[in-house]
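Take a look at the structures below.
Shared between the two complexes below is chain A, which has chain B as its partner in the first and chain C in the second.
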Partner chain A sequence: MNELAKELAARYGARDWHDRRGDLSSTVVDPIRLHDTLAWLKDSAGYAHLSFATAVDNIERGVFTLTYTVRNHEQGHSLMVHADVDRANPVVDSIHLLWGQGWTYQREMKEWFGIDFPGSPRVDEEFVLEGWEGPPMMRRDFDSLAYSDATYEGRPGRVTHDPATRMQERLYPEAGK
Partner chain B sequence: MRRQNEHVIPPETRATPDLSSGKYLVMWQGPQHPGITGNMSLRLVADGDTVVDCETHVGYLHRGFEKLMERRLWMQNFPLVCRIAVPEPDFNEYCYAAALEELAGVTVPEKAVWLRTLSLEMIRLASFLMWIGGQAGAFGHGTIAQWSVTMRDYVLDLFEELSGGRIYHMYIIPGGVRGDVPDGFLDHVLETMQVIKKNLDDIELVMFHNAVFKMRAVGLGYIPPDWVDKYGITGPNARSAGVARDLRKDLGYLAYPQLDFKLITGGRSDAFERAELRLAEMYQSIDLIRQIVARMPKDGPFRERLPNPLHWKIPAGETYVAAECTRGEYGFYVVSDGGDKPRRVAVRGPSYTHAVSVMERLVRGVNIADVAGLMVSLHTYPPEIER
Partner chain C sequence: MSDKKIIPAPLANEGLPPDERGLFCDAAPREYEPARGIMEDFANWARSESLWILGFGTGCGAIELRPLMTSRFDMYRYGIQPRPTPRQSSVFVIGGYASVKTLKRIVRSYEQMMGPKFVVALGSCTINGGMYWDSYNTIKRIDQYIPVDVYITGCMPRPEALLAGFQELKKIIRAGRAEGQNEYARNFEWFKANQKKVIKDWNMPDYNW
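So, the complex of A and B:
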């Protein structure tokens, strides 16, 4: 796979190549070259199968790390292509013309992380969160408890206990005295 | 009526019907509908009784698994992952456990490797049995569903004996499996396989030689071979298009390299052939289970000792572990930042492509009455789309 790493580095500035397993490697490209990298991998390097696309919120670095995993079935090798996108302005080129299912992953990333893919079909439509009005829920700074308290009403008659205190009271009542 | 071997390729671009013209009917199939697999719905636009446009709507079963997993310890996620694909929980358990083992550098004992393979093949058979009932039911054959669900229950009896759980097993855990086989279990497995094989013979006779099933399924939902990479199609849907791919062969995980089996492929790539191919894979699963029972080590440890799960920190890293489930490539992408909880877990289910992009295109031009049969022929489970 070293030839592929060199080729990607020369063509698209790919860096940080890691062989994770015998059949799995990863590399990093700039987001501006992400689409072209994936197009070349698909059309010229045999990585025609898109396994999945997703994002990781690396909030400490102020980026979303996009991950596109493509597979070359003839060589039995998968490659994870990463790209760090500015968290403050997450806009990425769409891959919906490369793979027919690409728009679905992008629609999900728009809804879950707030990453935009201009031109991607139905990218602004709701995916799984019908009627969602909060911030993108997969962001690390999304406060699910505050959102829940503000959005939903508590069930009447329900009492919530602190687990540690509750268990101590139930199992070791003498210890609390 | 479709002619046999007539391959109609639906248009790539969506129709833009004028809904105010009074010519079209907008109707929802699902989320509560006997012809829908699970909690999803299709928004169909019909011209007469022919569908001209379709949108898949999911989210009715979204439980935020991937978000929840970021807030729980590595081991606490096992009761969650098995619920992502209800009829096939074991593939989730295996992929998640194998990802953790890879990141943590844990080696699984030989006996656990075979027990995991046995568990995965048993659930493959159970899932196919559930599917074939749905496929027959979608074309009006309710009796077959009663037979096959009974057979599935026999497999669930085996899981109950093995793990204590019928639907969710939590049997595959990091380091191996949760327990050894009980006394007499392997004999029960072989007896059950004999019963199921006999039933499959009956199903083959009644369903696949039935004129109504043939007339409705042949030619329905043709998938051209060049769609396989274009749409990320995997599993029996790809193999029935003549594309010989199976991760059990391609990745060679668990004990599969030591088992004797051949890839089953087709070429007609319609709903009828997909059903035939899955039936053949059910027989193949029975054969694999018999091989596993015959060859698996009878002694030895079934689990590697792990650190205290309440304080288990996994070294920073990332991996993607995939397995061949009944519907195709099932995978877990796991990222660790070195802490006691996952940084990110993303699940790749085959329904993500089959039930959305592929389904929306295949259904164009199909009769409304065949939509259910077409959808079941793609074998989709909405929960793995929503996670």
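So, the complex of A and C:
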């Protein structure tokens, strides 16, 4: 473990440090310490560039895993900071005062996953969808096919094959018998 | 008097704020009344030989229009050329999948086109949803929302297929069977109900003319 991992562990309880590549590492913090961790990384550790922020729906564990990727351009190193927030009550501190572009990512996460960032500018406005009335559509318990069938008129007669079984039947017809 | 002459009730334009309703058209589209005999034949010949397409790539299929413009396939030799605005165009090429957000612009652009107007729908997505058959935000068949004169199958269709489709459209126009615009006027309420069913934030005039 390197100096930065020790420092983060001591200051913010960061754990599970993982060197994914030579220039990319990841670590996990508690969501309550997310804002402080990112502020310290930005102001004191040289990770001044927020290059990406998104969420992953880990429905098996009942959490959304937020991922913030920050980059230190002087050392050529990127760090992914993960934090698990409760799926039932997804509220996270906004980082728009640390990075100006942060509110765009947060608006996206609000619309796609329903994760709230109180105080983030325009977070309640629609982002890419217009007039969307369904539940947040990137949540994994949202049934896209059922929604599509209920909302959009289909053309009768469409047949869909499972690619694996279809090709097996066509290429090796004797195997199915 | 035939049924055609009855003037329908003005459109409500309920999607607009009350003080803006008067600024927009409140009349539903009417059917085209053809000229007599040889004059209509001549007009159809002229229409079929100058297909001006609306330069609005609504989906990924619009990439197939670019090779058509350049020297290898050269659609200009058939009298086909892109135009920058709906007012100047007579053919609307639906370029593949249409999300609900794009459908709103498609409806608006289609209604703003001057008649006679024709729609060419290219790609599987416009026919039965194609690879977006289970998407939460992509319509499955375009002919529920605007009338279609010619379909071109494929994902993507090759430029040759597009040229064949345009030739087919020409034949239909020459024969006077390109009834899409009239179909839209006849079934206006049905089309409008379908459009409003999927476009939830309807904030434009009922007929964008």
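Points to keep in mind about this one:
Throughout what follows, the second predicted complex is superposed on the first by the 153 of 177 C-alpha atoms of A that agree within 3 Å, B and C clash if a C-alpha of one lies under 4 Å from a C-alpha of the other, contacts with A are read in each partner's own complex, and residues count from 1 in each chain.
Following the convention adopted for this analysis, a contact is a pair of C-beta atoms (placed from the backbone, for glycine too) under 8 Å apart; a residue touches a chain by one contact, two chains touch by 3 or more.
Please read all numbers here as calculations on a predicted model, not as lab measurements.
Legend: residue contacts after superposition of the two complexes on their common chain; A:E3 is shown touching neither chain B nor chain C.
Once chain A of one complex is fitted onto chain A of the other, the partner contacts of A:G134 are limited to chain C, with no touch recorded for chain B.
In the superposition on chain A, contact of A:M80 is made with chain B only, not with chain C. When the shared chain is aligned, chain C comes close enough to touch A:T151, but chain B does not.
By the touch criterion defined above, A:L24 reaches chain B but does not reach chain C. Of the two partner chains, neither chain B nor chain C is touched by A:D162. Touching more residues of chain A than its counterpart among chain B and chain C is B. Taken together, the two complexes place residues 128-130, 137, 144 of chain A in contact with chain B and also with chain C. Put simply, chain B touches chain A in their complex at residues 58-59, 62, 64, 66-67, 102, 227, 229-232, 245, 250-251, 317-320, 322, 329, 331, 333, 335, 343-344, 346, 348, 352-353, 356-358, 361, 385-386. Across the complex, chain B is touched by residues 20-21, 23-24, 26, 48-52, 54, 56-57, 67, 69, 73, 76, 78, 80, 99-101, 103-105, 126-130, 137-138, 144 of chain A.
Chain A makes touch with chain C in their complex at residues 128-134, 137, 142, 144-145, 147-148, 151-155, 157-158, 160.
Taken in their complex, chain C has these residues touching chain A: 100-101, 104, 127-129, 133-141, 144, 194, 197-202.
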